[in-house]
Structures are given as structure tokens and as C-alpha cells.
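Below, chain A partners chain B and then partners chain C, in two separate complexes.
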Partner chain A sequence: MGYPHKQHPRETPILSKYFGDPEARTLAGWKARGGYKALPQALATDPVAIQNVVKESGLRGRGGAGFPCGLKWSFMKIGDGKPHYLCCNADESEPGTFKDREIMRWTPHALIEGCAIASHAIGAETCYIYIRGEFTQPIAVMEAALEEARAAGIIGPNACGSGKTINIWVHRGAGAYICGEETALMNSIEGRRGNPRIKPPFPAVAGVFGMPTTVNNVETLTAVPHILNNGAEWYKAMSLNNPKSTGSKLFSVCGNVARPGNYEVPMGFPFKEFLYDLCGGPLPGRKFKAIIPGGSSVPVITIEEAEQVKMDYEGFMEFGTMLGSGGVIIFDDAQSMPKQLARLARFYAHESCAQCTQCREGTAWMTKILERIVAGQGTFEDLDTIFELTENMTGKTICVLSDSCGAPVTSGITRFRGEFEALITGKRSSTVAVG
Partner chain B sequence: MSHGPSASGGSVAQPIPGHHHDEPYVPVFAPGSAPRAKLDDILTRYPTKQAGLLPALWIVQDERGWVSEHAMKEVGDVLGLTAAYVKGVVTFYTMYHQHPVGKYFIQVCTTSCCNCMGAEDVVKAFLEKTGCGELGLTSADGKYTVIEVECLGACGFATPIMVNDDFIDSVSVEKVPEILKKYA
Partner chain C sequence: MSDQKLVNLTIEGRPVSVPEGTTILEAAKTAGVLIPHYCYHPGLKIAGVCRMCLVEVEKWPKLAPSCATTVADGQVVNVYSQKALDARKGVLELLLINHPLDCPICDQAGECELQDYTFQEGRADSRYREPKRFNPAEDFGGDVLYVTNRCILCTRCVRYMGDVAGDRALCVEERGDRAHIGIAPDHDLSHPWAANVIDLCPVGALVSKDFLNKARAWELDRTASVCPNCSQGCNVTLEMRDTTLVRMKPRSNSEVNHFYLCDEGRLNYEWVNRADRLETPMVAGKPASWENALAAAGAALKGATAHVVASASLSNEALWLLKQTAGTGKFRVAKGAEAPLPGVPDLALRADRAPNATGAELLGFSRADQPLAGAGAVVVIAGDDCAGLDTGALASAKAVIVLGSVVPAGAPAGAILLPIANFAEEEGTFTNLRGRVQRYLQARPAPGLARASWMALAGLAAAAGKGGVYDSAEAVFGAMAKAEAAFSGLSYDSLGLKGQMAAGARVNA
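Entry: the complex of A and B
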């Protein structure tokens, strides 16, 4: 369902089927809707067999990187005698993304089942769901659902009567975008500043508390019970474009659009039909201008480019951008691109953990230069400086926050250079409201 | 987090004038107290005591409304950490208040997705109607503090705000007076 709007007939509601249905939040309600079928069976199945089904399904990480989920799980050496951990990444802080919030708010048990299955599949007895501190309602809903699941013996010391221990706890963040980066997330759980760690070692070798760890996004984990119930072939068959992108994907749509919300479509769905049919097109009297399709960290594309995109990992790549987290940010012809990109740069400057010089200084300078241009005090040299800065900020830091600041900005300047030049020369475009 | 050459403007909450940080400190985690029992229970979930730090700071903020230097020392003593270490963590995370804030702490999302839908006007309306005037300052009656916040993760419901722990989405300028009536 395109919550908060009615489900569109062209959606494929698998994860989002019960968004907006408060009864789906309770254990009884969730069981009546087909929940907790996969878990008891999974607990009686060899972990490697579950890894293989997920590998076969082609499920890729929905948090942004798109790493194959089954492959990630197979890095965990079952029976190595060490405690293993699962961390569910529910730090959802990428501007434009609000799908995990709805999964947790409406279908908490779907995530619990996914977490429990994944814990078993990687040999973990403990799972932490790291939820960003601002998500007070999702935290309350998840805590209540976990309490119910524990009381019913679904999770806990003898999960579903299997004799296996699966403990799941909520760990509340405290306001830091960077904690969505998996190694920063682990540091945050350990009671440290959320600074990302240098990799290697990768989490599967030395993760949270120095032990083998897997970090998966909420949406990825929620898809797992469906894959086990319906089979890998069913999941693969949903793909409309490239066989490397399988299953359905939740896209969060926001910005200047008639019907913002979450929409679930099969991978490879035509973006043009998605934008104009499902999301209702632009606001009255306006035209779409630019789109950041995968959360604010990916390059911005023009509406003309977007109309040709097939919505999957490869489809977005073809136009120089990424599917990312599926957070679709739409700007229309009433928006100033320099102003919006300056605001985005400010986000990254605020959220930099400040470990790496390139990021700490680069994001702050990027913001200052862009804000100067927006104020009508920029020079042509400033535009060159931004590209130089971006080069120094890309691929040179511990994590990719720094790269993520440069990507939307430089792609924006490349595609909408006229708007920047108009501000520099003092000839503001008449169609652009510059604030 | 905020640091270095600040590009984030003045959205860090400022101390309330006249409020002293050196008032006598009453411990939060006294043995036998409810917060101590809550923390002890949380500590069973982790293999290290240090992992209880974020939860412990949340308990402090729930109890006291902010995290004072005294509280940082107390949390450090309980968890076997130095006060300096605890402060390092507190200052990293934006949600822990290092100064007392107004009775109603209002955070308005102004990142791009909300910005292009008029979030700046919502901020202005809150500053005006609460009497705060400036971001991060507390109104003279001690009731309100308004700050801009980075992405609240409800972008399709522009503009989302938080009033203390309450999350309110789809806020427009017109709705501001009605919201403030609820938090009077």
C-alpha cells in the first residue's frame, strides 16, 4: 500500500500489505494474517540450507549497498565456538527514506520473524535491533511486539520449542546519521561514539564486541520469511528487468509530488509509470525537474533521464545513479537546485563524525561555498573548487559519508549548471524561486 | 553531531539563563531505585557493561530532562567508565541534552525533502508563536525550546516534528497554533 494513500492496483504488496492495519501489530492479528509460519520450520532446518535458499532467491541488501544477503550470511562460520551476533539496522536516517519506519510501525512481527530466522541462519543467539532515537513510535511498537513474542515463547531461551536460544533486543540510538553505517552502528551498541571502523576486519570476522556479526537492513530481514514460505523461484520470478535484481522493493517517495508515500513494486518497474501513475505526478501546475532516486547520498538525475529508468540496481546505474535505499526525492520546477543541494550539503556537514579530515573539513567547506553561491556571492571559481573538493572527499575516507556529500552536489551542478551560473552572474532564472 | 567549522547554524540548545549546573546532585541510580533496577535488567542483554552506556544516558534524560556533568560522572561510576569518556559519548549524540531545555523541546525537520515542502516556514511559525525568537533559545516562560533537526525519517509526511517524545507528522504553518495549544 502506498501508505498513507490507498494501495495502488499496480503495486505488488508483499511487505507493505498490512500497512495502515492496526490489528496486524498484535501477535494474534499477525498470526491470522499468515505470520510466524516460516520460523518454526526454519529453526528445524540446517542454517546453511537457509543461507542457500536466500542466496538462490537473489535477495540483495535493501539498506543501500545491495550486497547479496545469502552470501553475507555465508561469511559467518557456523560452529566456530564464538558467540555470533545479528544487528538489524533500523537507524533509517538517509534523507528521503521512510520505509523501515512503516515496516516497524505496522508489521513489527514481520521484522521479528525475519530477525529470528536470520539469527538462526548465521548461528547467532542474540540480535540487536538498532533503531534511531527519534523513532519513538516504532520503538514502542517493536518493544510491545517483542514482549508479546517472548511471552508466547516464539523467541527467547527455547524459541518455538526448538531448544534454541534467540534473544532479540531493541537498542535505541541517540541522534546520529552515521550510526546507520554498519561499523559505527556496532560501536554505538558497544557504548562508544558512533565512529565508523576501518575495514578489514569485516563484521563477519570481528564485529560487535569483537565477535562475528552480520548487519542487515529492516526491509531485507522482513523479506526473508516470504522467501522461505514461497520459495526462491517465486522471489526471482518477480524481477521485470535484470535477473540480478529480484523480488519486490519498497520505494519511499517524497518532495514535490501529488501522492508521497511508500510504494512496493517488483524490481525493474518502469520509473516513468511509477512517478506519474502510482505517485500521481507533479503537484497541480508544476513540473518534475530533478530526482534523487535512492536516498540523498546518490547522484541526482533529470526528469528526462528518470523517465527512461527501470527501477532496479542495474537500471539506476545505467543513468549514473543508484537504487540505494529506495528513497525517491522529487524536486519540481518551483525549486532552486542550488538551494536544495546546499541544504543537503549542510546535512552531511552536520552528520560527519569528524574522524577523517577530508570529510570533516570537506563537508563544511562544501556547505559554505554552496550557501555563498545561493546568497548570490559565488564565483565561477567556486564551482571548480567544489569539483576539486569532491575529488579529495571521494574514496579517501574510512566510510562513504564524505563521498555521499559530493555525489548529489557534483551531479547536480553538472546537470543544472545554468541555475548555479545564473546565481553567480546575478541573472536569476525567472522560473526558479530562489529563497 | 556538531563540531569544527560549524555549518549547521545555531540549532544547539543553549543553557537557560539563571539555571545553575552546580546545584546539589541527587543520584539517579541509587541502589534499590527503579532506574537502577531498569538499568541492571538492560545490562543482562549485553556481554559488557560499557554497552549499557546509551541506555543509561536515556534513563538519566528521562528522569532529569537532561544529562548534567554530575550525571555523566555517576553513569561512569556505575558502568566503570571515566567521566571524560562518558562526556565524549554524550557530546557525540545530538539527542542528549547537555543543558536543561524548555518543558517542550520542539524539533523541526528542515532537511531537503521537508525544505522543498516549506519546512522553513514551519520553523518560523514555531519561533514566533512560542516566543523563542531564535533557534536553540528557550522562551522566557521556560516552556519551549525550538531547534532545526536533520532528517527525522518521515519525508513523505512533510513536515515532521518532535515535541519531546511525541512524533507529529504532516505539520504545516496553519497547524502550529493548534499543536501549541496541546503543549501549553
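Entry: the complex of A and C
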């Protein structure tokens, strides 16, 4: 199955196998498709052993940072007498990313199984699934699936008859981008304003309600049952390029492309074939121009660079950008890059939590400069100011929102300087598209 | 102290040894380096949001916020490296892009940390070409006015109100550069300790309505003193414009009031400036010289048993001299509601609305609601204005001797009036309710011929043949410390400006 398109034959459908199949949403349907096989076994296994399998598999965080999942779990000191918490980050606020939404919409039980295993692996009895508030359908689907799982005794005070308690609750976000940042997410769960916290202390020491906490992305957790069922070696073997990037990855493709949607490919898949074969290439009569490959926070690259990329953590890094969340945003030759980047900067200015000076003031200033350039009122000094401002906004704040505003903009100016200069010298107005 | 582990590090090339867990910012203070900061305040929880205190720690990939980074052995901290300076210059530029630069009409000018650090480390020019953000000012209630445009969102006020005052009246509203300090619905800053947010605000965003446009910071003379409005004895600074007291601000003392002062204490100062004062000694309704007035008073006291009405607003020195001259007596204390500051132990606006009731009691004076009751032939009234008292007894008295800054109600026409200074016009000490003896200094001259209370009473003692010769409040205190067990071992030198516990209190503690 596939959604919204039919599954492409070159995809490796592991997480996305049942996208578009409504029966997979029900407990019976999910069990018929091989679900809940890993959980009862996992609950009978020592948590550290599970951590080690996941460590061995090389699974890395799919939310954007790519931190090794098993290592993160091993930071939780089992038996320290404190309540542990698992937070599933289903905020999916990164522009251009919509893979977690599909996982929750079509295969909610896959996520529940992943959450339950992870809870056991880190010694947590409570897991919060923090879902973006706008995801009304995924929330409804998740709630229904959780109700079914509770009724069937899969989770709850005696999960799968193991005697262990695993409670999973859905928490709705209230619309802030920054609540996808793990410490802001924890503040939001606690009912506070969604402001990132200073680290240290790290969540594994003092997280939600001041207790040891692990935050994992939806896609990361959903991959866990597959790893336990098929083994770490199976997961590692999927890697096509760099052994540090293992398994399969969902990419959300949007923008000026023939077939936008979610595609699951093994790590290291050639980006060129991905773009032209799986995604169907550009729209008729157009050409690809630029790509933001990992959600709007990562640097933008040209299509020429993109065509050489191997799609994994290291492959994108080689070209100065990042795999990020896997939200591929495609711009074709009909787009004005200054206008697109100004729109992006506006998003960050709107979403800055207003704690750190550089972010609060810098994102807004950046937006004003870019919008002035787009309006034809820019100067060459403005471009220099943007670079210095970005330097000032990078690596100096509590979280990386501020860095994320600067990265696409400066990378865009570096690679598409001609378009900015044409606007500054008045040779082109931003409304003239193709050129 | 001995079991506390010390950490050794280097800050700006200077070796520093501080207890484990100290932040780099505090450690730098011990090395004589003040790292610029806005959101950090030693009395508040750490926020780490202004990013002004960024410093370079050798071998670390990123700059560290020194307010939120604890010291570690062997750390090498560079406060003034180019990288750190550039980062702070960047923060200052960003803080200023939307700042109105209305320093010429801003009350904070001259004592503004944004001015100071910009002068110290900021850019001379601005690259900002866009329109500035504008928000209207808002009356937060109490004594506090919020000038939104000047706000740098350091959140000191939010944290103070929530964590120290225990009233979550303030919050940050909105996000991004639209953010501003908001006030919760149906709340205002009428909390009895709310006006401290004015002092905590590092810029001119939270200003005092009472002080608004009264004076420029650089015109003020500042004198260390003690708040005379209750028995807590909060340390204060009297800020004078010429000889007018225009503002009373808290002076930090970790043993008493930390960084704070209550609104009632802060705002009850206008009486210091009152003009209708007793300025000349009077005998039998006519102005007299001090010499003649003291002689007349001394003659009246000799051989007589005086009924003494004292005041809990007089200094320890004055009360002791009064005791020497005329014996102990009664005093009354105005009462009010207690108002604690929840975040600081043992700090409250106290029910006794006078600064020295404890001192008076240690010296043998006793409380009475009607201190004039039972007055006989010779009455000495020191420091009490007799307002609201039944002064019938005064009419039949043979001699009434008054030491006061105003003429008491009901004082007979023939009373001997000796004008004395108020607390801002003299030196002295008060003993707070826990027995802490604290000095206050002279901030303005006494009006006319009025004398410091210790000086007037020393003169009276001499005239009555009861006392030695004293040339200063310090000398009086020294003599008192020898004579009174409660004050033994204390001197002005040992008190300093933070005070010391009286001996009696030390035993009790």
C-alpha cells in the first residue's frame, strides 16, 4: 500500500507498508499484519539488553539531530528510585515534514508498540505522546488505538500480562513550532509556556516534572519493534552508503515536484534517483533549482549538489546541509529564492519563543531586511549585515531556532547571490518568476 | 565552610578558588571581573536568556553563558577574548535595535545597565534601517509603570513576582519580537513588595510612578541608612536631590533584607522633607538660645522625678542619654498589618511601625498605649508628637520639656521646646526586632537651629548634671556599650554598614 500514491517499487516499505490501509488502524487488523509480536517478548527481556540491541542496530534519532537512540536510552539509570518518563515527540512542527502524521494516521499501533518497548527499555511507566494540536485526525486515530490497546491489556497496569505498568497518554500541543524542541516540549507537557530550558541539566537527569526523561521521535520509536523482530544485523544491512547511517528513512517530499508525498528508502539511497524516479521529477516544463533536504532549518543546496548526494546523515553533511527530519522541500526555476527565504525567515521570527536576545530580535531583523530586499529596497550592505547577523545568531542561544533561521538564508544567499543582486540593482522584480 | 570542596580555575589570567557549584559569573566577581549581564540577578532563579554574559572557556566549542555555567577544576575562562567581546557586542546591538533611545527623558538614564554596557562594549553606530517596534506604556498598578518599548525581556520582574513575592502577576506575553511583559487578568502590582521590580529592572522599562521625572540619577547624593518605617530594619539608601529626599531604595544586606524593600517603607519618606518644623529652642513661648533653653530645662530636671515619654523612632544613643538624664519611661508604637515576603526567610513589613522598639526595650523603656497617663509635675517628651493622646495631664504639669522635630499636640504654651533632627539629619543606630544594631548616616542638614538628637540630649544631660561630654554619636555609642550589657562589645567600627547583633540577642539566638 502507499499513500497518497501507490508504493513505488524502489521503496523499502517497512514503516510505511500499511499507509493507506484503514484496517491497519484497528487492533485486530494490526495483529493480522504482524503487530505486537515484539512487545510481549521485550517486556520479558532485561531493559539493558534491549538498549544494547538498539545500540547495535545503529538506529539514530529521526527527529532531526540524529543522536544514537540506544545510547540515549542508556543515559537513563534504571533502578535509581525515581519515576522515569518517555516523551514521544509527535509535534512534527518542522516545515516540510509530514512523515509522523502518516505513521500516526495509518499505523497508530506501530507507534504504541514502539512507545511501550521504549518505556520498558528506559524503566518508564508513563509515556506521553506529544501530538501537534493541528493534527486533529492523527489525534483521534491515536486516541482510538490507545483505547483499544488499553482495553486489550496491551498497555496499562499489567501490560501484556507482564506485571509491568506502562501507561501511554496523548498530550495535544497548542500550536507552537518550538514545542518540537525537547525541553520546550517538556515545559508544554507540564503546562508551562513552551520555552526551551537551559542544558544542563539534560532530560535524562531532570526532564519532565524534574524526573529522568527520554524524548524520542515518532519514526524512531516506530522502527524499534522492527529491529527487535528482525535483529540489529538486518537493520544495519539496509544501509547503502555509510555504516553510521542504518535502516530505512521516511522522506516527506513537497514543493514543486510531480509527485509529492512520503517515500521510504534505505539510508544512502541516491538523491538523484529519488528525485527523478520516485518523486517523478519536476512539473512539466520546469526544472528543479534548489532543495532544502531536511526540513526548513537546514541549509539549502542547489539541484546540482543534490544530484550527487547519498541520502544519509553523512551524505547530506558532505554538501554542507543536513538530513534533518527528512522533509524535502523542492524549489523549481519558477521560484524567487529571495522571496522563499524571506517567507522562511518570517516563519522563524513568528515562532521565536522570545527568550534569547539573538533569536527574539535577530529573526525579526533578518525578516525585515529580506522583505525589504524582496520589495526592491535592498542594498549590498544588507547582504553583509545578514551574514554578520547570522554569525551573531549561531551557536549562542539556548536552542537552535536562531541557528535554524540563519542557516537556510545564508546558504541561499551564497548559492543564489545573483537573484539577490538582481533585486538590489533593480534588474529584476521578485514577481517575475522564470529567468 | 571546611567541608566545602574548592574548585581552582583561571579567570582572565587570575587564579580563582571558589566553592564547588559556583557559577563562572560569581567566581569572576572574586577575581575582580564583572561579566556584563542582564537576566542574572543573585536573588533570582537563573534564566540564562539575555545571553549577555557569554564568555569563552578554553577548549569548549561554544561560548558559555557564565550565569548558568558552574566552575570546574582547571577551567580557563576568557571574558575579554575577541570571540566573547564580539558575541556581547552582537547582543547589545540586538537589544538596541528596537530600544527607543529616549535616554534624555528616561528615569533610568545614568543608572542603566544598557547604557553602561553599551558604553563599555557596544557598537558606536547602528546598522538597523527598519522601523522600530512600538508598544504603548502600561500602568501595572502599585507604584509601577511599564514602558514597553524600553524592555529587554530579561524576565527579572517575572521571576521576582513568581518566585520571591509568590504572586504570579507577571508573565511574558506573545512571542518573537512582539513579546512583552504582560500582567495576568485581574492582577496588578499592588502586592506589598511589588515595587522591587523597579530596582530589579536593569533598564528603564519598569519605573516608579512616585519618582517619575523627579530627578536625574546623576544629580542624586546617596547615603547609607536604615528604613525607619518598621522594626524589620531594612538597609536603605537615601537619595537626595540637594537637601530633598526624593527616593528611598533598598541597600543589600544578606542578613536582613537581601535586595528588597517593601512598598510601604519605600514610599513613606515625604515626611522627612516637611517644612513646618520646630527650628528654634523655645522657653516660655519665646525663642531662646540653646544655652538658655538647656539651662532652663536642666534646672527643671534637677532634683525632680520626671515622667518620660520616649519614642521608638529615636536612636539607641538618644534613648540611652535620655535614660541618663531623666530615667526610663514609656513609649508607644504605631501598629499595622504584617506583610511577609515569602521568598526570603524572616523578612516582612512588621506590625511595629517604628524602627527602634527593640532598642528602647533593651534600654529599659516600656510600651504603653497612653504614655502620658500618670504624668506628674515634670514631663519630658522626646520624639513623640502626642497626636491622638490624652494630653490633659500636661496642663497641670509644672515643667514640660519637649525634644522634637515638631511641636507636640497639647504642649502648653510655657513648655521648653528643644528642636531635634529626624533620622535623615543625624547619625545614630537602630536595633531591629531580631536585635541587630545598625547604623544610619546623615543625609541632609537639620533645619534652623535643630540639633542631632544625641547632641541635644547630651546637652540636656550636662545641664541637668547627669552626663559626660560627647563630641559625636560614635562617642555616645561607645559610652553606652560600656554601660549597657545589651550593647557590650559593639562599636561603630564593628557595626560597619551591615550591623551586628546586640549581646542580649546573641545569647537568645
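Please note the rule applied: the second predicted complex is superposed on the first by the 427 of 435 C-alpha atoms of A that agree within 3 Å, B and C clash if a C-alpha of one lies under 4 Å from a C-alpha of the other, contacts with A are read in each partner's own complex, and residues count from 1 in each chain.
The criterion applied here is as follows: a residue touches a chain if its C-beta (ideal position, glycine included) is under 8 Å from a C-beta of that chain, and two chains touch if they have at least 3 such contacts.
It should be emphasised that the depicted structure is a prediction, and the values quoted were computed from it without experimental measurement.
**Q** Would you check which partner chain A:286 touches, where first means chain B only, second means chain C only, and both and neither mean what they say?
**A** A:286 contacts neither chain B nor chain C.
**Q** For A:198, using the defined touch cut-off, is the partner it touches chain B, chain C, both, or neither? Pick first, second, both or neither.
**A** It touches chain C, and chain B stays clear.
**Q** After superposition on the shared chain, which partner residues are touched by A:385: those of chain B (first), chain C (second), both, or neither?
**A** second
**Q** Which of the two partners, first being chain B and second being chain C, lies in contact with A:396: first, second, both, or neither?
**A** In the superposed model, A:396 contacts chain C only, not chain B.
**Q** Which of the two partners, first being chain B and second being chain C, lies in contact with A:356: first, second, both, or neither?
**A** In the superposed model, A:356 contacts chain C only, not chain B.
**Q** Which holds for A:55: it touches chain B only (first), chain C only (second), both, or neither?
**A** neither
**Q** Just chain B (first), just chain C (second), both, or neither: which does A:31 touch?
**A** Neither partner.
**Q** For A:92 in the superposed arrangement: first (chain B), second (chain C), both or neither?
**A** In the superposed model, A:92 contacts chain B only, not chain C.
**Q** According to the stated criteria, A:82 is in contact with first (chain B), second (chain C), both, or neither; which is it?
**A** neither
**Q** Counting touched residues of chain A, say whether chain B or chain C comes out ahead.
**A** Touched residues of chain A are more numerous for B.
**Q** Using the superposition described at the top, list the residues of chain A that contact chain B and also contact chain C.
**A** 176, 193, 349-354, 360-361, 363-365, 368
**Q** Quick check on the complex: what are the chain A residues that touch chain C?
**A** That would be residues 176, 193, 198, 349-358, 360-365, 368-369, 372, 381-382, 385, 391-392, 395-398 of chain A.
**Q** Hey, which residues of chain B end up touching chain A in the complex?
**A** 1-8, 45-48, 50-55, 57-58, 79, 81, 88-89, 92-96, 107, 110-113, 115-117, 120, 149-158, 162, 165-167
**Q** Which stretch or stretches of chain A touch chain B in the complex?
**A** Residues in contact with chain B: 4, 83, 92-98, 101, 126, 132-137, 167, 169, 171-177, 188-194, 209, 252-256, 260-262, 296, 327, 329, 331, 335, 340, 343-347, 349-354, 360-361, 363-365, 367-368, 371, 435.
**Q** Where on chain C is chain A touching in the complex?
**A** 46-52, 54, 61-63, 65, 68, 86-87, 90-91, 93-95, 97-98, 127-130, 152-153, 155, 171-172, 174-179
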